[in-house]
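Remarks on the structure that follows.
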C-alpha cells in the first residue's frame, strides 16, 4: 500500500475538518456573544478573573494551606 | 398471579415490620438515654451543635478555603 | 520435613541479609553525606524541621482547617 | 410554579413520543469486527468520513444499528428519540443550574445522558467511558453503598435522639413505598398500559423512599432492566420535593396546625450518638439481615464520625470519597438515559408511580403526625410528618419553609430532622423487607 | 493495666471457645439458584419472613448453611461463634475509641468484622460489599502497597540520616521475625496444637515486623488462607505496642542506662534526603528484587515528597488517597473476622506467635542497643533499640515516654525515629528474604 | 542550553544501544508453576538466594527469561538495556526536579520506569503493582479521560471567547499532527529504518497534538503495541516545549513582529462560558462522534466548573481525583519504559517523528498567525500562534516569555491562552478524524 499517498489524503481531510470545525466554532462564538449580550446582559459584573488554567494555583493552595495551618497551630498548641 | 393481592399482603407485612422496627428503636433510644444519663453523665458539655446534615457546610468549606487562600495569597505573592 | 531445622537456616540467612543490607546502607549514608557536604553544600538552610512521620499532624490539619473555617464562617455568614 | 408546568408538559410530550415508538428488539450481538484499512480515493475517503458523522446518523437512521449493549435500536430511537432526550437533558440542566434542584446529582446524570445519546460513539458500551463506570460500581451496587456511607458520616442523629418518638413519622412515610407498590400492581394488572412483574413493582415502589442510593441498590437486585428509569425518577422527584410536597402538606393541615410551635429539644449526650448506629445495626442483623448492606454502610459512616477518633476517615467519607463516587454515580446512571432505554412506556409508568409514591409518603407522614399530635402531651406540628419521606435534608427544609410561612419565626428545621433521618432508616428497612420477600 | 487483663481474658475465652469447635468442612459451592416468587398466604409470608431474620439464624443454626465463599459453616460458627465475635469486636471498639489504640485501622477492621458476622446478608461474598472491596485491593495486594506509598510520603528519613548507625537497631529488631519463625516451626513440629507448613510459619512470623501492609502482602503471597488472622494479629499487636513493649524494655535495662542522654543530631541536607530513597531502591534491586514492590512503593512516596516538585501528588498520597485506602483496607481485612474463619485453632496459634514476635523483636533491639552503647564513642540509650520493630511512630513514642519516666525532660523521640524508620526497611528486607526462599 | 545537549547525547547513545539489539522474540507464556519448597543445606540455601538477587540477573543474563507479559527478553535487555534505562531515568529525574520540566508527570513516569526495570520482581506483570494499575485504567483508556475531565474543570475558555478568531491558530498548529503523519509514512515507506503501518503512523503523529491524554487514548485504540513509547515521547516533548519552541518561533518571525502589542480583551459573560462547552460537545456529536469520549470528558469538567452549582464536584475533579489519577497514570505509563519495550528501533523513530511534529505544529501556528496579522484589523503578535500546539499552559507561558524578551512588559499570556485552549479542542478533533478514518 502507498501509505505516503494515503497519509497525504488524510492530511487534506484532517486539516479541512479541523479548520471547518474551529471556523464554525468561531462563528458560533460570535453569534452566541451577540445573542447573550443583547438578551441576557449581566448587571455590573465584578472584574472577570480571566485566567487560563489554574493547576499551579491549586498546587500553591496546598502549600499555602500548610503554611496557614503551621502558623495557626503555633497558637493552638495543646 | 394476582399481583395486586400479593402486593397488599406485602404492604401489611412491610408497614408492620417498618413500624415495629422503628417502635423498638424508639423504646431502646429512651432506655439508652436513661441508662447513659444515669451511669455515664457528661460533665459540663459545651453547647451541643445539633445540626441535621452537613453537606452544604462542606461545600461552603471549599469556597471559604478558596477565599482564605485568595486573601492570604494577596500577602504572600512572590 | 524438619521444619525447625529449615527455619533455623532461614533465620541465619535472613538475619545475615538484613544486617548486611542495613550495614551497607549505613556505610553508603556516610559516604553520601560526605560527598554532598563537600561538593553540594547547602547555603544557609533554615532550621531543618526534623520530624519523624507526619500522619498525626495531617490529622490535626483537618481539625484545624475545620476550626479556621468555623471561625471565619462566623464572620462571613450570609 | 412555572417549573411545574414545564415539567408536566415535558411529561406529556414524552408520553406522546413514547406512543409512537416500536419495541426495541435487542439481542446482544457479537463484537463488531474491525476491518483493515483499504486504500481510498479522496472522494471515497470524504464520503466514508461523512458516514461516521453524527449528522448522517441523525438524518438517515438505519435498521440494525446497535446500542452499547449490542441491542438493535429503532430508527426513531436513533434520530427523534435522541433529539427528545436532548430536550429533556437541557431541561434538567436548566433545573439544576438556574433553579438549584439537586445539582450535585442532576447535573452529572444529565451530562451522562447527553454522552449516552451521542450516536456512533458507543460510550455506554463495555469499552466506553460510561460503560466502564457502570460496570465498576453501579452494576455491583458498590457506589450506592459508598454514597450511603458518606451520607451516614454526614448525618447527625442528635435531633432524633432528642425526640425519639418522631421516628414513627419516618415509618408512616414509608406508606409511600408500600402504597405505590399496590398502585403499581393495580396499574399493571387492571390496565394494558404497562406489564410489570411483582419484583418490578417492588423495585419501582422504592422510589417512594426518596433515597437515591437505596433505589439503585434495590433496582439492581430485583429489576436491573428498569434500574435506569428508576434511578432517574428517584433523583428527579427528590429534586422536585419543594414542588411536590407543599400543596399536599397544605391540603391536609389547617393553618392552626401549621402554626403549632414545638418545644426546644433536650441536650443529647455524645455517648448516645455513639451507641445509636450500633443499636440500629444490631437490630438490623437480628430482624432484617437483608437490609445489612445499606444499614451497614450507613451506620459505619455514622459510627466513624461519632467515634471522634477517626476524623481523617470520616472527613474523607464526607468529602473526597463521596465527591468522586457522586461524579461516577451520576455519569453511570446517566448512561441509562439513552433514548432506546429511556423512551419506553415503562419509564412513563415509573414516572407516574414515582410521583404517586412521593405524594402518598408525604400524605401518610402528615396524617400520622396529626394523629400523634392528638395523643401526645407535647404539641407536634403535623408538617414535620412530611419530612419522614427522607430526601435529607431537603424535605426538612421544605417543612421549615412551609411552617415559617404560616408563622414567621417558627423554626421547625431541627424538629423535622428527626423524622427526616428516621425516614432513611425506614426506607432501608422497607427495602430489606422487599429483599427478604423475594429471597 | 486493666486493658492487659481484659485482653488476656479474651484470649483465654477465645481459646475455650475454639476448643469446642469442629473443623469447618468447606468446599466451594455453586451459586444459590434464585427461585421465582410463588403466591403465599399472609401466614406463609410472615413465616417465610421469619426465616430470613437474623434472630432465626442465631436461634436455630442449621447444618449446610454456607458462608460468603460457599463453604459450609458449623452450627457453632453460625450462633455462638458470631456472638463471641461480637464480644471481641466490641472490645476492639472500646480499645480504639476509649483507649485510642490505632483507631484508624482498628475501627474499620472491627466494623468490617461486625458486618462479616451478620447472618444471611453474605457481605463477604463476591457480590457483597466486603467481598467487592477484598477482591478489589487486598487479594491482589494493591491496597497494602498504596498504604506503603502513603507511609513513604509521610516518612522523614532525616533522623536516620543524621545518625546512620542506628539503622542497625532496625536490623536487630527483625530477630522478632526470624526468632518467631523458629518458634512457629517448633510449635507446629513438637506439639499437636497446630500444624503449620514452612510457608505458613514464614507468613506468620512477619507479624514481628510490626508493619501491617507488609504482613498482608506476604500473607497473600505465602499463605492466603491465614491472611485474615495474620492481619488482625499484626494490627492488634501494633495497637498494643504501648502495653507490650515497656515491661520488656525495663526488664532488659538498668535505670542508669535508661537515663542516658544522647547528643543532638546533626543537620541533614535536602539532597541527602532526596537521594536516600533511590539508594535504598537501588540496593533492593541489586540484592533483593523480591522486596521491590514493598520498597518500591515506599521509596516512591518518599522520593515524591523529598523532590519538593510534586507536592500536589505527595500531599494526595498522604491524605485523600491513604484515607480512602485505609477505609477499604480496614473493611476488607475485617471481612476475615467472620466467625468461621477467625475462631479456629490457627488464629490462637497466630496470636501467640505474634505476641512472641513482638516481644522478641523488642528484646533484640534493646540488647543490640546495649551492645552498640558499649562500643560507641557517643552514648546510645538502649531504649531506642525497642523502636527498631517499626510500628512507626508509636514505638518511638513509647521509647520517648519510657525514657522520660527515667529522666524527665530527656526527649529521645528524634533518636528513636532513626531505628524506627530503619525497622520499616528491615522488615521489608526480611519479607523479601522469605519471598526469595520460596521462589 | 546544556539540557539540549544532554538530551541529544542521550538520544545518540540510545540510537547506538538500540542498533546492538536483537528483536525480542515474545510469545505470551504460561504462568510459572510455583514449586514446593524442598529441604536445603545452608550452602544450597545461600546459593539459591544468590540466584534470586538482581546482581546475578545483571551479571549473568540468560536466554529464555521472560518479562511481565510472558515474552522472552534478550540478554542485552536484561543487563545493559536495564542499565541504559536507569541512566535515562536518572536524566528524567534530573530534568523533573532540578529543571522543573513537567514534574507532575515526568517524575511518576520515570519512577514507574525504574520499577519496571527491576529484574525478577516482575512488577509489570498482571499481578504486579504496575500491571494492576495499567490494566485498571490505561489499557481501557479510562485514566486519560479522567485527566481530561480534570483539565476541563481547570480550563477557562474566557480568553478564547474574548477573541474567538484565535481559535484558528489552534487549528493551524494541528499541522503538527498531519504533517508528521506524512513524515512518519515517508520514513517508513522510503527507508528501511522502521516499518510502521498506517494505523501506527497515525497514532504516532498525535504526539504533535501535545496532549498526553489524547496521545494515550489514540495509541490504545490504533496501535496499543506502541503506546508506551508514544506516551513517553508525548510527555517528554511537552516537557521540552520551552527548549523546542523558542528557536523556531524566533526563526520564523522578525523582531518587529515579536514586539507587536495586542489590544486588551473584552469582558466575557458567565453565560457565554456556560454554553461554550455544550456548543463544542453538540458540534462534536454532529460532526465527529468518534471524538466524543475525549471532548465529552473535557466539556463535562468545564461545564461542571462553569455551572457554579457543583463546586464540590468540580473542585474534586481539579484536585483529589486528578491527583490520584496522575499518580496512577504516571506509574502505569512508566511500566512501558521496561528496557525490552523501550529500547527498540521503533522508539527512536517515534522520538524523531515526535520532535518533528512539535516543530511542525509550532511553525504552522506561527505562520498562520503571521497570515492572520496581515488580514486582521487588530494587530496579532505571530508568537501566539505557537501556543496553538496546546501543551497547556506551558506553551502560552513560553509565548509570553519570548514576547517579553522582544519587548519587556508586553504580556501576551492572556492572548496566547486562546489558541492554547483551542489547540486542545483542535487535537481532539484531529484525533477523532483518525478514529473515524480507521473505523
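Chains: A, B, C, D, E and F, in written order; residue numbering restarts at 1 for each.
The rule we apply is simple: a residue touches a chain if its C-beta (ideal position, glycine included) is under 8 Å from a C-beta of that chain, and two chains touch if they have at least 3 such contacts.
Predicted model only: the values in this text are computed from it and were never measured.
**Student:** By the contact definition above, name the pair with the higher C-beta contact count: C-E or B-E.
**Tutor:** Higher contact count goes to C-E.
**Student:** Since chain E and chain F are copies that touch, is their contact same (over half of the numbers shared) or different (under half)?
**Tutor:** Interface between chain E and chain F is built from largely different residues.
**Student:** If you average the CA coordinates per chain, which chain's centre is most distant from that of chain A?
**Tutor:** E
**Student:** Rounded to a whole Å, what is the gap between the Cα centroids of chain A and chain D?
**Tutor:** Taking the mean C-alpha position of each chain, the two centres sit 33 Å apart.
**Student:** List the centre-to-centre spacing of chain A and chain C in whole Å, with centres computed as mean CA coordinates.
**Tutor:** 39
**Student:** Centroid of chain B to centroid of chain D, CA atoms only: how many Å?
**Tutor:** About 19 Å separates the centre of chain B from that of chain D.
**Student:** Could you say which residues in chain C touch two or more other chains, in rising order?
**Tutor:** 1-2, 6, 10, 13, 17, 58, 65, 68
**Student:** Show the residues in chain D shared as contacts by 2 or more other chains, in ascending order.
**Tutor:** Touching at least two other chains: 37, 45, 49, 198, 287-288, 312, 315, 320, 433, 437.
**Student:** Using the touch definition up top, name the residues of chain A that touch chain D in the complex.
**Tutor:** Within the complex, chain A touches chain D at residues 1-2, 5-6, 9-10, 12-13, 17.
**Student:** Within their complex, state which residues of chain B touch chain D.
**Tutor:** 1-4, 6-8, 10-11, 13-15, 17-26, 28-30, 32-33, 36-37, 40-42, 45, 48, 50-55, 58
**Student:** So in the complex, which bits of chain D are touching chain E?
**Tutor:** 140, 142, 145, 198-199, 274, 278, 281, 284-290, 292-293, 296-297, 300, 303-304, 307-310, 312-313, 315-317, 320-321, 433, 436-439
**Student:** So in the complex, which bits of chain D are touching chain B?
**Tutor:** On the chain D side, the touching residues are 151, 154-156, 158-162, 164-165, 167-168, 170-172, 174-175, 177-179, 181-182, 184-186, 188-190, 197-198, 201-202, 265, 267-272, 275-276, 279-280, 283, 287-288, 318-319, 392-393, 396, 413-414, 417, 420-422, 425-426, 429-430, 433-434, 437.
**Student:** Which residues of chain D touch chain A in their complex?
**Tutor:** Chain D residues touching chain A: 37, 39-40, 42, 45-46, 49.
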